[in-house]
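Please go over the structures that come below.
First chain A sits with chain B, and in the next complex the same chain sits with chain C.
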Partner chain A sequence: MNVRDRLPSGHGDRALIAGVVCILVGALFALTPLRVQLPSAFYVFVEVGILFVIYGMLVLGLDLQYGHTGLVNFGHVVFFAVGAYATAMLSAQDSFAGIALAYPWPLGLVAGVIAAAILGAAVSLTSIRLRGDFLAIVTLATAEIFHSLFVNFEDIFGGNVGILGVPRPIAAVVSDGDTRLAATLLVLGGITLLTLAAVTRLTDAPYGRVLRAIRADELVTRSVGKSTITYKTQSFVYGAALAGLAGGLFALYNGAVAPGFFTIQVTVTVWIGMLLGGAANHRAVLAGLAIIMGLRLISRFALDVTPVSSDVFASMRLIVVGLILVAVIRYRPAGIWGDPQELGVDQ
Partner chain B sequence: MSLLAAEGLVKEFGGLRAIDQLSVSIEEGELVGVMGPNGAGKSTFFNCVSGVIPPDDGTVTLEGTDVTSDSPESLAHRGLVRTFQDTRELETMTVRDNVRLAAPDQPGERTLPALLRSSSMREREETVRKRADELIEMFDLDHLADEYSSNLSGGQRKLLELARTLMLDPDVLLLDEPFAGVNPTLTREIADHIRNLNADGMTVVIIEHELETLTELVDRLIVLQQGRLLVEGEPEVVLEDERVIEAYLGGDSK
Partner chain C sequence: MGLLQELIFGLVTGSYIAIAAIGFTLIYGIVNMINFAYGEYLTLGAFIGFLAANALPGPLPVAVIAAMIGGGITSIILARGFFTPINQTGPVPMLLTSIGLGIALRNAIRLVGGRSARYIETETSTFRFDAIPEIPVGSVDLLGGFFITSEHIIVIASAVIVFAAVHLLLTRTDVGIAMRAMGDDESLARVRGIDTQLIRDSVWVLAGVLAGLAGVLMAIQTNVSADTGYSHILQILSAAILGGAGSPYGAIIGAYVIGLVLAVSTAFLPSSMTGLSSAMAFVILIAVLLVKPSGIAGSEVREA
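Presenting the complex of A and B:
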């Protein structure tokens, strides 16, 4: 039996300290003449690592919604995209197409978080009172609607090209490529660790107990005096805001946003990562995401040594990922590190 | 003035009137039993009173305040708490967490105190944990405290539900079939708990089929039939009533 008696003390603060340290070291690289040199074989790892820590914020938010509160969000990418677009449009210096307002980037980032949170609030307002499956459909539909808005409203969102000329704060202060990559990974990784610390604090506190109670039985939770609508809305909005933060940071790292970065593939990846690792366990969902993204990375190398075309290889990769998922669901339905009793699945 | 009063309650499901112009009043400190054949509207009555289902017509007042169609959570804040006929545990949570959850006024259930680990949250949690452990011990669940409640037996679930309810320190307790599926020893134990709570001043209303336990427990019996009040009064008198024997016991006086 696995019992986590969540005492609201200590636990989760390691992530807080590690996060602060990462950001400070990253800042050290960025602001001093200190330089790092990465072996060139390392680049791809660092680049995927940066994407991983950004997606890490997505999966932590999704897990707050689904793992802890039981809210099914099949359109998580839309909050990521809205955060990224809002940040990009506000802070871009000049874009090929679409709006570029050239405000300072911190303003853009804050606006990105707020925009995603507002969209989250709007979505939950329409469907959180309804049965769970409605939320799933509404989120999926919202993601599709926004995707086509981004593609079709060229004057606003830049169409398929997207918004270019987004400031890159770290690149602006570090000219050296290797150091820039390392600093970016450290700063963004640090922010993900801070996110981990924050969600851990939330879910370890009595706040998390109410969320898990809603996941188990909403009526019982109401009958012991908890306003479940408020908690469900909050949980959904917090998850959306985290995705918005991830989006804003992505825009500021990448220097551009385009619809191609925000496909349903993103939602699928974070969902698979969460289920693979084990929902309702913050570190497990991050580990699950690392596995799925790691597989993708390894397969890149494998492509060089396999005698098949890249098309065939891409299909094979999908088959392998699918098989792994089937195996996990068959043998560990609660995920690799998930607790089947807590998630209410039979082994 | 009654503590809890229902006036002319009506609830229809499709074409069926589950309760029909039902008026019931409960006085403070009373221990009242509600009985009636299946489909008499007992659970619907509880659902309407506890805010789970809004009634189509009629009013519910609690301590003189109109609480008709108030949400279950706001009624819980006002001191009216219920249990469910099919015990509803939070199965994916431990026994401890089931009980602790119900604690009112925990600042740690708000975002900021939770994020900041405020001292008010930690102090309240200390009290909550102590009280929860007391209740768990009181209901002989201490050896199961760290089990997921899905692992509990039917009777233990009834006890857990009671413990969780008491965490709220309610003024009015509505119990929906607390003895259903419970063995005789445990039935007596639960009955004793209910009697003690009532002696301490809690108003209790019980729906129950287990007539023997019910009649020796309660001060007053209310009999429902087809959504209406058939008879009410002292248990001995009610059970002798012709109409009750006819309707409830099918003419077969035990």
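Presenting the complex of A and C:
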């Protein structure tokens, strides 16, 4: 029996192995004197790549909620923000404004995940029974409320400046800039792959079948004895906790959090990525997100060669993004790689 | 500033939110969608008003009427292009489409109109009432002198005229009665021989006219930039849901509740936290959806 046969065949197991390999290689760069040199044209790719793997965790959680269970969460950014703020406030050493408790960062990260999960539980306990479009409004309003709390309570959240001085664990062990970027991308990408493995495992299990049954027809699912409210709540909380993890990792990568990082634009980006790729298919939603975030790269390069201001370009990019959302829903409601039959949408 | 002054500001805010919320709630009740791009209709109305005020030599009412006509035409064109083709897909795809359309419209307006805030210049006369005694409670003055400008009076009077016109339309005309019938039960309305698509189109036009009016009133009373409509959409939505989604009369009450709560919370919050007053509208929205999702006068929105 050779090595090939021993390799697992499922997507989930492959993602698990790839994730572990990525983290190990990343750790190799971080902990040994091994150095990488990136061509300077590459920086922008690596930076967008890091943001992509962080948003990847968001889109996987959102796909669990919307793609599999049918919960329309249009305030996903709030869980990302709460995770990031909780991590930052607990672990920041010395912030210009706001609370900085200087606990070790792993504690902060755990607290970020828990805080996001608690908020998710609170939202779902109160609102999960609402009809789809109204749940969207409640989650959106929750995100707006938290956004204005972050801006207005300067003593606690640091206002518009946010919280500075958050420890950066990878930057702390790697002094060289190029290596630091590569190690960050590898470690965070590895964590995203592990997340992919975990959600694949969850949704391939009978548990995932129940979630999809709820999406297809809640009444029928209830009639075969499944407590749909419990399943919906769990799915919502898992998605929120994943967003909290993404938020905590973002804070530890970025070294600072501020309200400007957590606008509705984040929600819109992950939603469009998910719908474009095809909801209910984990790898498709990541691919869809990659396409949408790839647009940022294009606009950044195009900016250098065209004589328009960056403001104008940002507006043009957002017009395209909005029209992509409209076009996907109208012409390809199941997304590029989605299965219309399974999603139950009319073509 | 005294509380009385804040209440006048609240009435003015409530008035233009009410005009917009009637249009929003009619779309909800009859087309059965939450139109998240509706805030952009307000901005469009205001910008058409700017154009008209600059291009046409006529008096202010000309700009207002141009904004209303422009709003109605834009609304029906957008509805025919984006919403009517997917009418059968259900509320969630339509909500998502309106979110995408809203992003595109907002940025298109910013691209064409620029980032700066503008306003329509009008001759204003201010009426002051300074003789009213102050009743200070803590940092808040419960009465106090106040002023009211002719712009405030224009906004409030326009709202009252709109309420009367909408009431007459819904109760005295065939189109209005058909609208109410469709809001009640679309299939039954169709059985009675109502052309449902025609009624839907007329609702889109009416909602666009109201949005244009609300937008141009905002431009007269304060100022309007590309983001103004978007920053008001959640207040309009809160007013509509508070009143009971689909009910125009509920929306009017809801809008004034929202306007007054915003004003009073501005008066009572410490000055460093006045930004929180806009969050109050969302707190009301969530509270209503949790306690009585059907609003003051409306139908059930819970599934299970």
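The rule is simple: the second predicted complex is superposed on the first by the 326 of 347 C-alpha atoms of A that agree within 3 Å, B and C clash if a C-alpha of one lies under 4 Å from a C-alpha of the other, contacts with A are read in each partner's own complex, and residues count from 1 in each chain.
The rule is short, and it goes like this: contacts are C-beta pairs under 8 Å (C-beta built on N, C-alpha and C of every residue); 3 or more make two chains touch, one makes a residue touch a chain.
Owing to the predicted nature of the structure, the values given are computational and were not obtained by experimental measurement.
Aligning the two structures on chain A places chain B and chain C next to each other without any clash. Here the apex is the CA centre of chain A, and the angle it makes with the centres of chain B and chain C after alignment on chain A is 80°, in steps of 10. In the superposed model, A:44 makes contact with neither chain B nor chain C. When the two structures are aligned on the shared chain, A:228 is found in touch with chain B and with chain C. Once chain A of one complex is fitted onto chain A of the other, the partner contacts of A:24 are absent, as it touches neither chain B nor chain C. Ranking chain B and chain C by residues of chain A touched puts C first. By the touch criterion stated above, A:325 is placed in contact with chain C alone, chain B being left untouched. Contacts of A:210 after superposition: chain B is touched, whereas chain C is not reached. The gap separating chain B from chain C at its narrowest, counted between C-alpha atoms of the superposed chains, is 10 angstrom. With the contact threshold set out at the top, residues 222, 228 of chain A are in contact with chain B in one structure and with chain C in the other. Residue ranges of chain A in contact with chain C, taken from their complex: 72, 74, 126-127, 129-134, 136-138, 140-142, 144-145, 148-149, 151-154, 218, 222, 228-229, 268, 271-272, 275, 311-312, 314-316, 318-319, 321-326, 329-330, 333, 345-346.
Taken in their complex, chain B has these residues touching chain A: 50, 52, 71-73, 76-77, 81-82, 84, 88-94, 96-97, 100-104, 106, 108-111, 113-115, 117, 121-122, 125, 128, 146-148, 150-151, 164-165, 167-168.
Listed in rising order, the residues of chain C touching chain A in the complex are 33-34, 82, 85-86, 88-89, 91-93, 95-97, 99-108, 110-111, 115, 234, 237-238, 241, 272-273, 275-276, 278-279, 282-283, 285-286, 289-290, 293, 301-304. Taken in their complex, chain A has these residues touching chain B: 1, 3, 5, 8-9, 198, 201-202, 205-210, 212-213, 215-217, 219-228, 234, 238, 341-344.
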